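Note that subunit A is present in both complexes that follow, paired respectively with subunit B and with subunit C.
So, the complex of A and B:
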């Protein structure tokens, strides 16, 4: 009876998350049939393709690389922003928080097209570079463009995770470090980063998982040239109609997310 | 004070519209141990933070070894600090915590190692060097914090209620140890506390602060004997502070001083004699070496400390006698 209020939530997750997930898992174990799309019987062939075929392995590696790169970029950009937010007075703090959250306030598709306008071969950035007689930078439909777009979307996740932890750091620890003769950089590297580690970990987890499973940003900013696991899953379901392989790839992506989450849990529950 | 190690002159500290310190001057001789005593919000911690360099004074000067340190950031001041919360780095062992200040100063590896071992031995923690702060008791953490502050050989040691988080028995033990260590090292120390007993039992001189000003600074003995006003007298518990009655009360032979203000009578300067009528004893507290009796007079309760053998019980009527020399007038404060 104690858990009765949870019933609606359980029904919701059961019907709309667990059941489709199980259906997808079943689908990933069916053989592909060129005529029926989904064949009869059971097979592990889809997983063999997803995890052993050089093309799909490369895809997996590329997606993980993208996730790691986006995580590092958001960490590098987000840490100073979070630090400034925590140190600011109340008025500046609300302003900086709005700045940090601003990417979430713009529609995803609009935002992606805005980036195309900026980054494209004939976009603003390259137009300026040309105007100053500087060499153009390739940012049109490539990994860098996708990375920039994803870093923009995921930056709020990183900043909010960092701010939440940094707010709780005892300022006297930093004062003690200063009184012991440490400069700003030394305090940052030897004390502050360690104390902010739970925030770094949570932010990285959120950003990484969001980046590797993102679909619209890689699709729009990567054009047809960049593939991530997500865009290939979409392609398997809509164009090549190999649903079982698409389902297997989706399960691999889910598995990757679960592994990273479990790793985070293991590392930070012990503290 | 000429040749003082620390000189604070006309210090004013304000947070926005709130004035935390208003014209505070203080001088500490080399090796001196001074306690800053006052109720919360009196400015004692602000004074400590201004000396450490964490708050910028609105006016006034702070001189350390005769040099104005206004432009020196905290890390250049060579001041050791111990906080009530200890502020140990949780991700470092006790030894790494102690080493932090030496690493920051670029002390070579071997020398730093020896100094860390020496500092930990000094506070009796050599066997616990590898422990993290959360594996240490409050008292042990306090020792690590002290070793960390002392290993850098600071010119000045600032202690911000360092013993307040410890239980009473350990606190008294640490008071003795801390003072012995401070004497041995001869390090000039400022000790912030709101605990009167702690201030008076440890310090060479006690500065009583109230509303951002130092009311009085003197040795514990002289503070007790001669509080400057009625507020100080009551705050430090030096004696009775009473309004002078307009007409005499039967059974009360107090030589009230002439003038305006409040009368101050030390607790141990009151003579009580058994009587048929007169003021009555309303409370009796046994103090071990003596007994404290509360006598209800018309002007208020008079607290007298007598030898434990004094033959009085609650409800007894007494005759109260105080000599002229033992009752003097104090401004209200």
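So, the complex of A and C:
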């Protein structure tokens, strides 16, 4: 009886989250048929392709590499901004928080469009470089462009996670380190980073999971030259119509996300 | 030295964060046929061109309808769920909370292909209905989180007082607790509308040829042309999103309602 208010939610999730999820898992175990899209019977061939074929193995490695790179970049950019935010006075602090959240206000397509305009071979950054007689940088539809776009998309997640933890750091601990003769850099490296670790972990988890499953940014900023798991899933479902393989790739992506999340929970929730 | 370097690094990051926003808004006023920044001259003709595009206006209409319906359906499902999850003694409460947040943990593209092949399998040929289900699924956790957080902040003395005066559970909810959390409900509705309005990944997979939300229209347009009209469309969307946020913050203190439950 007390579960009654939850009934609409559970029925809705059952019909449109659980059932589609199970159907996707079943689909990933069906053989591909060029004429019917989905063949009869059961097979593990799609997972064998997704996890053992050199092309798909490279795709998986490339996507994970992209996720790690984006995580490191957002950490490197997010840490100074978060630190400056918690150290700032109230007015500057709310300004910095609004700036940190501002990318969330811009639609993903619009953001990608802005980066295409900035990064392309005939884009603004290269035009500015030419105007200063500096050599052009190749940022047109390559991994670097996708990485920059994804870092911009995910930076708010990192900054928010860091600020939430840094705000709760007891200033007396930093004062104690200073009174014992540690300089600002030493305090940062030996004390502050350790105290901020839960925020670093949560931010990294959010950024990594968002980056590896992002679709719009790699698709638009990578031209048709950069493939990640997500863009290949899209191709399997729209162009080549190999739905079973696309479903297997989606299950692999889901598995990767769940494993990383479980690892994070194990390392940081238990404490 | 340390403070100065920190300020320098933070300023660099601020520029990185704001650069696309500034460039797009600036470029939408350029008189040139191509996108450039700083803009050459000043014109509003790209905005005029945008308003003359019937397909963009139709897409805008689709997005608004979809956003309103998704926010309303998610509230209809999410508010009762938030009420149900309030009771400390509810068996399996932690598990149910985890289930309620599930759509947030799943990668959007996985949800998208799961729904796509599921609609195909059950022969659902209603693009707007399909989009609505997907969008509702993605925004309902925000409703449960925001409204749930408001319930947590609510003074239990309120409902106890109502009970001692003889009100039944329905009456207590309708006349006491729901009005008390109304600001959070409105904030959740606004946030869900914006989230649905902004959703691209799901919509790219589920949109039909005649039902195209605005972000999908922009997405297909980019693949074929990049001109200042798109900058104008982008700038309009940015202004629209900012207006909604400022409005919410002024009226409802959106930040408190949303981040209170995010811990």
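Structural remarks
The rule is short, and it goes like this: the second predicted complex is superposed on the first by the 265 of 271 C-alpha atoms of A that agree within 3 Å, B and C clash if a C-alpha of one lies under 4 Å from a C-alpha of the other, contacts with A are read in each partner's own complex, and residues count from 1 in each chain.
Everything below uses one rule, namely that a residue touches a chain if its C-beta (ideal position, glycine included) is under 8 Å from a C-beta of that chain, and two chains touch if they have at least 3 such contacts.
Computed from a prediction, not measured in an experiment: that's the story for all the values here.
When the two structures are aligned on the shared chain, A:179 is found in touch with subunit B, with no touch to subunit C. Using the contact criterion defined above for the overlaid structures, shared-chain residue A:170 touches subunit B, although it does not reach subunit C. Of the two partner chains placed by the overlay, only subunit C lies in contact with A:109; subunit B stays clear of it.
Put subunit B and subunit C next to each other and count what each touches on subunit A; the higher total goes to C. Once the two complexes are overlaid on the shared chain, A:209 sits against subunit C while remaining clear of subunit B.
Touch criterion not met for A:60: it reaches neither subunit B nor subunit C. In the superposed pair of complexes, A:191 makes contact with subunit B only, with no contact to subunit C.
Annotation: subunit A residues 183 touch subunit B in one complex and subunit C in the other. Subunit A makes touch with subunit C in their complex at residues 2-10, 12-13, 16-17, 19-21, 23-24, 27, 77-78, 80-81, 83-85, 87, 96, 99-100, 102-103, 105-118, 124, 127, 152, 155, 164, 183-185, 188, 209, 212-213, 215-216, 220, 230, 233-234, 237, 243, 246-247, 250, 253-254, 257, 261. Note for the complex: subunit C touches subunit A at residues 1-3, 6-7, 9-10, 13-14, 16-21, 23-24, 27, 35-37, 76-78, 80-81, 83-85, 87, 89-91, 96, 99-100, 102-103, 105-111, 113-118, 121, 133-134, 136-137, 140, 144, 198, 200-201, 204-205, 215, 218-219, 222-223, 226, 230-231, 233-234, 237-238, 241-242, 245, 263. Those residues of subunit B whose C-beta lies close enough to touch subunit A in the complex are 52-54, 73-81, 83, 85, 87, 89-91, 100-101, 104-105, 148-149, 152. Touching subunit B in their complex are the following residues of subunit A: 170, 172-173, 175-183, 186, 190-191, 194-195, 197.
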